[in-house]
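Okay, handing you the structure first.
Letters A, B, C, D, E and F name the chains as they come in the text, with residue numbers starting at 1 for each one.
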Amino acid sequence: MKAVFPMPLHSALLLLVWLLLNGFSAGQLVLGLFLGWLIPLITAPYTDHQSRAGKPLLIGRYILRLLWDILVSNIEVARRVLGRNRKLNPGFIAYPLALTGDFPLTVLASTISLTPGTVSVDFSEDKRWLYIHALHIDSEDAIISDIRQRYEQPLREIFSC
Amino acid sequence: METLYAICVGAMTTGGVFLVLRGYTFAVVLGLTLLSYAVNLFLFASGRLVVNGAVILGESDNYADPLPQALVLTAIVIGFAMTAFALILALRARSDLGNDQVDGKTQIYDELPNKARNARQAGDD
Amino acid sequence: MTAIFRNETLFMTLLWIPLLPLLGTLVPLLVYRFGRRVTLALTAMPPAVSLVLVLSLMPGVFNGEVFRWQMEWIPQIGLSLAFHLDGLGLLFSLLILGIGLLVLLYARYYLSERDHMGRFYAYLILFMTAMLGVVLSDNLLQLWLFWELTSISSFLLISFWSQKTEARKGARMALTITGAGGLCLLAAFILIGEACGTYSLREVLASGDLLRNSAAYPVIIILFLLGAFTKSAQFPFHFWLPHAMAAPTPVSSYLHSATMVKAGVFLLARFYPVLSGTDLWFAIVSVVGLATLLLGAYTALFKHDLKGLLAYSTISHLGLITLLFGLDTELAAIAAVFHIINHAVFKASLFMAAGIIDHESGSRDMRQLNGLMKYMPYTATLAMVAAASMAGVPLLNGFLSKEMLFAETLHQSTLGSLSWLIPVLATLGGALAVAYSLRFIHDVFFNGEPVNLPRKPHEPPRYMRVPVEILVVICLLVGIIPDITVGRLLDAAAGAVLQAPLPDFSLAVWHGFNMPLLMSLVAVVGGSILYINRRHLFDFQGQFADIDAKHEFEKCVQWLTAAAGRLQQLIDNGRLQRYITWLVMLSLAVAGWPLLQLDSAAGSRAEMPLELPVLIGGALLLIGTVTTVIFSHLRLLALVMISIVGLIVAIAFAYFSAPDLALTQLSVEVATIILFLLALYFLPQKTPLKESTTQRIVRDLGIASAVGAVIGTLCYAMLTRPLASISDFFIANSKTGGGGTNVVNVILVDFRGFDTMGEITVLGIAALGIYKLLAGMRLYIPRADQDGQSWSKDKNPLMLALVSQSLLPLALLVSAYIFLRGHNMPGGGFIAGLITAIALVQQYVAHGVAWMKERLNLHYHALIATGLLLAVLSGLGSWLFGRPFLTTWFDHFHLPLIGEFELASAMVFDFGVYLTVIGATLLILANLGQLTTSERPKAGEG
Amino acid sequence: MDLMQHLIFFPVLLPLLAGILLLLPPLNGHLDRQRVAVFLINVLLLLTAVALLQKSIAAGPQMYMMGDWQAPFGIALINDRLASVMLLLTALLSLAAHTYACAGDDGRGPFFHPLFMFQVMGINGAFLTGDIFNLFVFFEILLIASYSLLIHGGGKQRTQAAVHYVLLNLAGSSFFLFGLGVLYAAFGTLNMADMAHKAAQLDADDIALAKSGALLLLVVFGLKAALLPLHFWLPRTYAFTSTPVAALFAIMTKVGIYSIWRVHTAIFGDYGGELAGLAVGWLWPLAWLTLVAGVVAVLASQTLKMLTANLVVVSAGTLLLTLALNDVQATAAGLYYLIHSTLLSAALFMIAGLIQEQRGQSQDRFVRGRPVVQPVLLGIFFMVAALGLIGMPPFSGFVGKILILQASSAAVDAAWIWAPLLISGLAAMVMLSRAGSTLFWRAQGQPAQSDGAEPLKIVAVLLLLGASPLMVVFGGPLSELTLAAAEELHRAPVAVAEVMP
Amino acid sequence: MDDVINIAVALLLLTGGFFIFVGSVGLMKLPDFFTRLHAPTKATTLGIGSVLMASMLLTSLRDGGLSIHELVISLFLFITAPVSAYMMAKAALHKKVEPLQRTRQRELSSRITRRQPPE
Amino acid sequence: MLSSVILDSAIMVTAGLVLLALLMNVWRMLKGPSVADRILALDTLYINSIALIILLGLYNGSPLYFEGALLIAMLGFVSTAALSKYLLRGDIIE
């Protein structure tokens, strides 16, 4: 099984994307299934970190939360951008990571970057710190706890680590 | 619109030719790249300009001329191949001749900060 | 005299006369190993047979027959293989073969053991062939062909002792002068041929009036005479001859007295009936002849080298013959022919004698050679007889022809009222001849004892003397009984020269006391006086620096090459900038010129209204262009700036209804950026600002702007003109004939799939070439960036690595998407290939070479080849159905559940494109990236 | 499946397939197998060219429509006398150059054999195609292959020459496309025959455009053909590349000439209406100056290879003059001269290569050096090539020279052609006689302890040199052929009008 | 129904345009590199997202079916934008691009560059 | 009817905003001051041009612009990553 479908989740995702691209039809389904089987077969060697995520509900909730956060914080950030620079309080934040694993870390960092107002800058070499640049810091701890609670915690659940 | 298009092509040609006339390989290759953009736009223009007339049958009723498009496509690919060759030839010239001028001779001085120049070599000895 | 023309295969005999020696050229090369005697015997065979053949035809010629043999060769240029034998040809053939055989015999003794006899004989026979060809040709071009062959063979003979500098230089000079003359002669012949409408000598000889009346006549005369004069060493081209004396003496006696130098006067004789008869001819020929006669004779007097004296004497006698052809009487021409014979005979023997002296005493310097009468009395006697003939002493052949000259000089009007000068100067020439002949006799054979000779002189081997003996006997016989010995020959030859009945003349030794005899007397007495008082003359001449023509000529050539070198550097400074400037300027000129003639660039097609987005797009494009130029010295920045241009161009393609182009442009753009970045790592990051002077920049900006203006105008002109093109066909047939709705793609894979195949071939070849460039390349790897800052330690940034690998499947999916819909929608194999390649390159960027090596161990060139092969095979498939290459096949199928789908052979083609693009892009980018790693491309593969 | 019906395509297909297969197992990585394979292909190409020539003589021009699309929509390959003569010439040259390379030069870097095949493919394609954009594509193929072959073996001078050659030609390719764009804009077609057909009836409004485009192409072809002032790339490129490549490159300038024939003689020739002879006014002075500059460069040459390269410029100038004359006789003369000069300059490159190898440190420079190992053999070779190139009998040069002189004798200013033509011969004579006497005779020391030239190299030289006397012996039929080819070329527009709607 | 969709699309478009605009204003006027770094994420997330959504809605309306392939673009952007930001930030830190003077914990930047943990 | 006018105007206004954004990006590109700034500007330019292309598609009612946007989304990232890596390591493939 592993040899034929090395990355089933990938296969599913690819099928989905294929259907998104081409629209749904029987022919496209066949083609999508074929590509969803073939491509992971080819690319399996290039994937070091097999995802172990298996909680679709949690994932769905996570994505919805992310989208909502994006919407809300965008408005907030737009105000700051259009406002006076002088009122801006940018800064670096060292975020202590509880999450482990390269893939979960990447997802977390991406999430942080996607939400306006914060950008993941780098990890410390031991991967225990994530450095973040924030456009405006009222309270560093607030930001850290916000991240911890809204993103890191769910991710730990999703990736069970 | 045609006037603006022609102006742009002319300007890109000017920039390309000016750079091609420089004495350093990098500038020349850069110029050739710019020139090839101008060439592609020019060749494309030989089919005249049509907006919203992509030549996909059934998608429009005022088709653009597909032939120059096919020609430009070929020209882009060939241009890419040639640019790649020229650029790597420039590297080869720097490797063989010690500088990156088109004539392989130092005309004014060869710029390469001493601190950056160093002993690690990437070649067979 | 009426000539009888015969043109029958029977007269193949004629062909064999030159052909035998030609084949004979190989003989000595084949047999020289078997010893000198055998070599001589076998080598002499073909010319001897030829001589017999000539003699066999002689009676016929004496009866006025002209033998011909002809075969078409290259009719387009008027060249046919045509030989004829008439009196003049007979005379020369006899000289060439007769003296040639004697020289062969002589040379066998003359050459030393070290000399390569086979080679020498081969050259000599080759020359003989050439000379026979010249005199027997009945076609102008064929004549010229053999004429040039004499120059070539003489070059080989003069440089026979090639280790000697003077031999090489002398040979080169002779070749150059006679070669230049040969070119003039060719020009003259072609003008003659064009004027007469034929290159047949026979027909040309009958078109004298046509020629003399043609507009080209003066040009023909000058070119023709340049050819003849250079060969016959006439003033001012005489200087090569003395230096040709670096050749072994047999060569001198054969080529430089008897035959080759006579080729020039042969020409004068041959074309006498058609080219002479005008004032121009007589003026030039007589003056040049006279000048040469005097100059040669005068210079001969001062030469210390035996061969030098003889060489100048030869020049002088050639001048004499030329002078005779320049005198406006038929008898003069007859005298000229006669002197050709006489001079050949006595001069050849003199050269041979000089060679014997040189050979047996080791010197040719008359200041060392004295009193040889005592050591080699027999040779001395022979030489003295020949020298007396040269001086024009009665009872010897030289006397007769000189007497005829004197006679002819007396009734001249060639030079108008100055014509009286001719006899006077001729007599002076005669006196000088007497003087140098006396010097030759007295200085060498008498005049005390030898000085410091390398060897003790003695008589030569028996058979070395035989040729001299034979020639001297001929001198005597002709001198005493001219009519019997050469009367008929002379008649025949003169008849051929004049192409008309001969006037009355008699070849008698005694014509009574007359003016010519008096002139002879004056010459003999004057010459003796001159010789006796030579001290004064030598002192006088000593004031002038001796001009070494060879040296001067060499200097001249060296000056020429040096000047050419300087000029060349002026033209070509080795700078690419100049080359490109010329290219650009010429393009500017040719493209701009027609525009100047156009009233207005605008055509009849209405312009579209300008929209704001387009305006802003245009502005961005201009900004991108300008900043690319401005930042071009800050290379990374320039790269960033040019990316704007690329992006906007892509959007412009999309805007103007070319989605395929937009996609292609976008993907190529990214590949290009990566390529530039990879390369830039090894290059300086900045161009020095002082790269060009301000003037230079202003100039280049001027040129570039002009080009931009012209191209822009052309572009505008195109855009505003209506277009009627073949494209309607493509739109109409794309679906029905090509099976796709994306017409651009159908053009690419079907209508003009052949272009696409060429295009991917280019890509493949470029990749191979780049691999070649990279193989074994050594580059400095900067350990720090341009600011001196060392590189970041983070080789494979975590997020980049992870996200890149996650994107790979998606990218492949997208490329499959782009590939599959290409035929009907924007996309296709090329773009799909680039996407795949870039996705893979992205893995290289994110993970490094080693990581990729473990996963993707493809031979990229094999991938390229596979792609190309697929494309070609898909094209060849149509052969099975008897259709031309790349004829596509497609059909629609229906499967339950899946529905209708299309299969087309073009998809195989497109898949080939896809693979090739991946292979080429990766071969280029990955290998360039690998330069810094242990996977670096190595030389010697493939 | 009747293969013969696809014969016209063979000169492109064979080298293309060969080039591809050489990159794949079982041929890749095995020099010996590659040598044999390419040799066989070369022989096949030679046979194909002979067959095509026979066909074109027997049946006149034939077309091969790619993809079975009719002209002018599809891409046409056209075989006529001119094309097949060029193909034959290329095949012979390729065979010789490859044979020479097989003696060892081929192993001095990767991919020699496939690149060689692609080079031949590009050249053959350029000779066969009847489509102007396809001509561009084949130009690019032959150029990119030539770039890659040029650097084969490596070395500083080679790299430097390559930089100039490549960059200049890349700029040239840009102008090619500019020209093509304008021509398409004016004609609305890419098929050259179709263009020829339309040239006379072009809208007055489009004539200036067509002129600009056609003249831009003239510049591009002139760049390939080494027309002054675009010839600068040539001497160093040819002199510094490896010997077999230089020999093969002898055909490259001729591709430029050929293209001018196809475009400017045929399309814009006598039947071009207002466009007739538009290149002539530009060609005259430039061709003349090319010849003169070539002579100057010949006199300034200091190595045999450089001299040979400069003689190529001279021959280019000569050919361009025949083009400027723009009549059938001149074209015929030019074609004969083209064949001759290609073969002999290639031979002289090879001979120079042999001399270079045998003279130690002095190489092929005109200075005193150690004597060559095989003076007789090389001497004869040199002599034959030199005489031919000078234009002295008995080798082919003189026929070409006479043909050109005769063709131009009727011209108004014949002297302007005759003088440089004859003087160029003299300059060649001066330099080649100096070269020969220095290289062979001005020796010191002992010859190197080498075995002399490899037999394959000698065979290669013989192949090329042997053609020269044959061209004289069979000068009659050959010049008849070139005349017929020239007539066909000049008549092309009329012929097309008869066929095209 | 069409009107509703048209208006919705218009609103979405304007929202998208606004945020794209704001992002670029930020890019132009914000005081240092690190604050400007927030611009593309803004453009991508809400700006492009809204425009894509508008496109999906409108094309679905026009073609009468569900046309949501624009989601793939969003997918790509959501995956890649953070990595781009991360790479650019790393590059800027490495090239010692100075953060604004008043940046909080400005001193962290050198530790981040060396990927050390905070003190 | 009105709604489609509104829609068209909205498209135009949005396009105007995007174009202004593009101009501002270019301004940043010229201004710098650091190379990182310019890369950032280029990246933003890429992303904003996706919006522009989608708008073109909406305006012309054509689906043919989609692939262009898709490709920019994919490839813009590649060039940004490569440029950044160049600043970091010089050697982008190692």
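Quick note on the criterion: contacts are C-beta pairs under 8 Å (C-beta built on N, C-alpha and C of every residue); 3 or more make two chains touch, one makes a residue touch a chain.
All of these numbers come straight from a predicted model, not from anything done at the bench.
Chemist: What chains do subunit D and subunit E have as common neighbours?
Modeler: Touching subunit D and subunit E alike, sorted by label: C.
Chemist: Note down the smallest number of touching-chain steps it takes to go from subunit B to subunit D.
Modeler: The fewest touching-chain steps linking subunit B to subunit D number 1.
Chemist: In terms of CA centres, which chain lies closest to the overall middle?
Modeler: Per-chain C-alpha centroids ranked by distance to the global centroid put D first.
Chemist: Using C-alpha centres only, name the chain that sits farthest from subunit F.
Modeler: Between subunit F and the rest, the longest centre separation is with C.
Chemist: Among the chains, which one keeps its Cα centre farthest from the Cα centre of subunit E?
Modeler: The chain lying farthest from subunit E is C.
Chemist: What whole-Å value do you get for the distance between subunit A and subunit C if each is reduced to the mean of its CA atoms?
Modeler: Comparing mean C-alpha positions, subunit C is 76 Å from subunit A.
Chemist: Quick check: how many Å separate the C-alpha centres of subunit A and subunit E?
Modeler: 14
Chemist: Go ahead and note the Å separation of the Cα centroids belonging to subunit A and subunit B.
Modeler: 38
Chemist: With chain centres defined as C-alpha means, what is the inter-centre distance between subunit A and subunit D in Å?
Modeler: Distance between chain centres, rounded to whole Å: 62 Å.
Chemist: Could you list which residues of subunit F touch at least two other chains?
Modeler: Counting only residues that touch two or more other chains, subunit F contributes 15-16, 22, 35, 39, 64, 70, 74, 81, 83, 85, 87-88.
Chemist: Pull out every residue in subunit E that's touching 2 or more other chains.
Modeler: Residues 18, 23, 25, 37, 44, 67, 69, 72, 75-76, 79-83, 86-87, 90, 94-95, 115 of subunit E touch two or more partner chains.
Chemist: At least two other chains touched by the same residue of subunit C: list those residues.
Modeler: Answer for subunit C, listing residues that touch two or more other chains: 574, 576, 580, 584, 655, 659, 680, 711, 714, 718, 723, 725-727, 730, 751-752, 755, 758-759, 762, 765-766, 769, 773, 776, 781-782, 785, 792, 794, 797, 799-800, 803-804, 806-807, 810, 814, 825-826, 928, 932, 939.
Chemist: Report the complete set of touching chain pairs.
Modeler: Those chain pairs which touch are A-C, A-E, B-C, B-D, B-F, C-D, C-E, C-F, E-F.
Chemist: What part of subunit C is in contact with subunit B in the complex they form?
Modeler: 574-577, 580-581, 584, 605, 607-611, 614-615, 618, 621-622, 625-626, 628-629, 632-633, 635, 638-639, 642, 645-646, 649, 652-653, 655-661, 664-665, 668, 671-672, 675-676, 679-680, 682-684, 686-688, 690-692, 700-701, 703-705, 707-709, 711-716, 718-720, 723, 725-727, 730-731, 734-735, 741-744, 747-748, 751-752, 755-756, 758-760, 762-763, 765-767, 769-770, 773-774, 776-786, 788, 824-826, 830, 920, 924, 928, 931-932, 936, 938-939
Chemist: Which subunit F residues qualify as touching subunit E in the complex?
Modeler: 2-4, 6-7, 9-11, 13-18, 20-22, 24-25, 27-28, 34-37, 39-41, 43-44, 47-48, 50-51, 54-55, 57-58, 61, 63, 66, 69-70, 73-74, 76-77, 80-81, 83-85, 87-88
Chemist: Under the stated contact criterion, what part of subunit C meets subunit E in this complex?
Modeler: Residues 789, 792-794, 797, 799-800, 803-804, 806-807, 810, 814 of subunit C touch subunit E in their complex.
Chemist: Where on subunit C does subunit A make contact in their complex?
Modeler: Touch residues, subunit C against subunit A: 797-799, 801-803, 805-806, 808-810, 812-814, 816-817, 820-821, 843, 854-855, 897-899, 901.
Chemist: Going by the contact rule at the top, pick out the subunit E residues touching subunit C in the complex.
Modeler: 72, 75-76, 79-80, 82-83, 86-87, 90, 94-96, 113-115
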